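This structure is in structure tokens; I'll ask about it shortly.
Which chain is which? They are A, B and C, in the order written, and residues in each are numbered from 1.
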Amino acid sequence: MTPLLDIKNLWVKFPTRTGVVEAVRGISFSLGRERLGIVGESGSGKSMTGRAILRLIRPPGIIEADHISLHDQDLLSLSEAKMRAIRGQKISMVMQDPKFSLNPVMTIGAQLIEAHRLHSKSSRAEARTKAIEMLEAVSIRDPERVMKAYPHEMSGGMGQRIMIAMMLIPNPEILIADEPTSALDVSVQGQVLSIMDRLVKERGMGLIFISHDLNLVSQFCDRVLIMYAGRIVEVCDADKLHQAQHPYTRGLLGSLPRFDTPRARLDVLQRDPAWREAPSVEARP
Amino acid sequence: MTQPMTPALQIDGLNVYFGAPHESFHAVKNASFTVEKGASFGLVGESGSGKSTILKALTGLAPQWEGTMRVAGQQLGAKRDRRFYRSVQMVFQDPYASLHPRQSVDQVLSETLYLHGASNIDDRVNRLLEDVGLGSAFRFRYPHQLSGGQRQRVAIARALAPEPEILLLDEPTSALDVSVQAEILNLLSDLRAEHHLTYVMVSHDLAVVAHMCDQAAVMQNGEIVEILSIDAMRNGDARSDYTRQLLAASANRVA
Amino acid sequence: MSQDTGTLRDWLLSETPTSRRQARWAAAYKGWLTLRANHMAMAGLAIIVLLVALALFAPWIAPHDPFVQDLGNRLQPLGSEGHILGTDSLGRDILSRLIWGARITLYIVALVALIAPIAGLLVGTVSGYAGGWVDVILMRITDIFLAFPRLVLALAFVAALGAGIENAVLAISLTAWPPYARMARAETLTIRSSDYISAIRLQGAGPLRIIVKHIWPLCISSLIVRVTLDMAGIILAAAGLGFLGLGAQPPSPEWGAMISEGRRFILDHWWVATMPGLAIFTVSLAFNLLGDGLRDVLDPKDSPQ
């Protein structure tokens, strides 16, 4: 089986006046028709990895890689115009910050309808019905009201769900979801996850699921990459995440508050400088 | 009329509406709860159920409300004055959106102190930064030079600046990773012990609420369906279906 | 303190400034570095600095008096004895007139650049922040101004107020503010509902403080960029009014008026009209280039994610 997406030796660098910041430092992984989780602390380069795949790093940032291939086609060699066709149609991404990704002065409905009509030549009425369906699918309670509302009138979690609805409209082959459920309660989270799950199972979509919620990733994903300082420190099967060996992973797991056993203080992570220098683990077949 | 202790916060029959009168949206329906001085009260529930809205109504950011709200026995009117904001402060849900992009940490904190009529602002800024574990090295940084966790600390410092008695925390850690979450939660516990604060904490993560609070209200679709103690939650004594569902969903996520 | 350039640079580029003064200087210095890296913008800036210097030192730089007529020497070609850029129909030295004209051009540009954006900013932010009927009224007024073609409206004003530089400035400003108001309002709408504005409201800050100290700083950068880009248009509008005889009055060496005078000889003595035209073109281009560069410096790069 050839993987959907294969990435070898990916670097993301930001030249600044005080030297080059390396946000991602030579990681390699591949994605099949599976749910791949990426976890790690803040600033470990998770979002930059996601954005680099779509070549959405803002200048002066630089993307370097041996290859980023989607079905044997190297995305790095494509023209910007071809890349635009890939974004959305083949690979779409739910950005981390829904409020920054939605247009603040356009109603949600107008944005959903526009996104829909951009991808399929349907009539306004059809697109509207579709948009409402999508909102219902992400368990928004009264889609009619939400269609007429502006982004700032949404709660934190509703914004996130609207972004997800928007990204699923074009029916992509690969979905990169950057912290898509961080503001959702468990029940709605479950519903959103089951939509993604269905897409992976029924349509063979590949999903990259970026999250800092270790429990969630271990339950929902098939495979997990653990990132630290721009490198992959460990790869494991999601259901074995709790037996992970690396002290960093153990530290992350240890800092979670637990519902069943109260503790006065939570453990915080003690970082070891050696982790930064350790070579990146390869997550390709 | 002389009760031994007036509760820090008393909310009775609170209804909150949004939008124009003819098509207004009823976001919070008849909510009532009481928070004792020094306690920590959790608000959990479905996304979009009105948790943030209760905090907004309390702080005057959602102007269309009815019912009674009392802070330390004082009934709140339509307008909030500075004295109110000296006793009630709020930390927002999204640390990436709650700091002005063009103001340094110093500007944010000194303006807040200035508005509350503080003297020797310079020392106070440094002390606030120490309090939230940032130190004066961060004083002249701009938000884009800070990580999410550091931003949230600045937001907490801003809320602490007027030395409030009640701190409203709207999902203070949901945008942060677990190691930073642990730091912030520890920080909040320390601050509460040090400054004798009362917390109202919104979260969708039951484990976080259980860690921080003594009591919690469960909300669904604008209504408070149940108020129960954390011990009751741990033991699974819930009366409403929604709470049971929530507990079940959270329980099987416990590692 | 004995700081040589090396340590001064370090002091300015420090990631952790230790005082307000250092933080302010550091921000300015970093902006300057970004601007300096943009060669086109630096070229624009150089031209503008040169223009300012010319205007300031006109009495010393200009080789001749711009008003002295010498009818025996009229319409001398380029490069003739003592008149590098030739002379006009009354024998006045074109180079000297251009140099003195820089004063008038700068005067117009500076006044318009002060009045129009500030008026626009005021109307736009108040309208956007207040909302409701204030917004409706202010925006309808803006629409009325926007509905007229700019030069036609300016002509109408000048016709009503009388010809002259001050009135031309006023007329141009009156026609130039509505787009700024629109822009400021659009930005205010997105800023108004953000959490950081709510946060400052929770400290008891009033609307005036919020507009001036929290909303203006976010609108001003895009406004400055827009103004520098519009500067070319302003110079041209002023020149246009001068050309139509409604701006600066002869014998004033205003560039537009000079073109207007030279128009009669355009076929036989092309330089009389072309030289001021080239001056207008160069300065407009300079402002455009600078505006492009400023956009890179001033645009908020707030979210590094």
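In this text, contacts are C-beta pairs under 8 Å (C-beta built on N, C-alpha and C of every residue); 3 or more make two chains touch, one makes a residue touch a chain.
This structure is a prediction, so every number in the text was calculated from the model and none was measured.
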Chain contact graph, described as a line, ring, star, complete graph or other shape: complete
Most distant chain from chain B, judged by the mean position of its C-alpha atoms: C
Which two chains share the largest set of C-beta contact pairs: A-B
Separation of chain B from chain C, taking each centre as the mean of its C-alpha atoms, in whole Å: 47
For chain A paired with chain B, centre-to-centre distance based on mean C-alpha positions, whole Å: 28
For chain A paired with chain C, centre-to-centre distance based on mean C-alpha positions, whole Å: 45
Sites on chain B at which at least two other chains make contact: 93-94, 96-97
Chain C: positions in contact with at least two other chains: 15, 194, 303, 305
Junction residues of chain A, two or more chains touched: 97, 100
Interfacial residue positions of chain A with respect to chain C in the complex: 17-18, 47, 96-97, 100, 104-105, 150, 152
Chain C residues within the chain B interface of the complex: 15-20, 22-23, 194-196, 198-205, 213-214, 217-218, 300-305
In the complex, chain A residues that touch chain B: 40-43, 97, 99-100, 140-141, 145, 153-158, 161, 179, 182-188, 190, 212-216, 218-219, 242, 251-253, 255-260, 262-269
Chain A contact footprint on chain C (complex, rising order): 13, 15, 30, 33, 186, 189-190, 193-194, 303, 305
Chain B to chain C touching residues, read off their complex: 59-61, 80-82, 85, 89-90, 92-94, 96-104, 106, 111-112, 115-116, 136-141, 143-145, 155, 158, 161-162
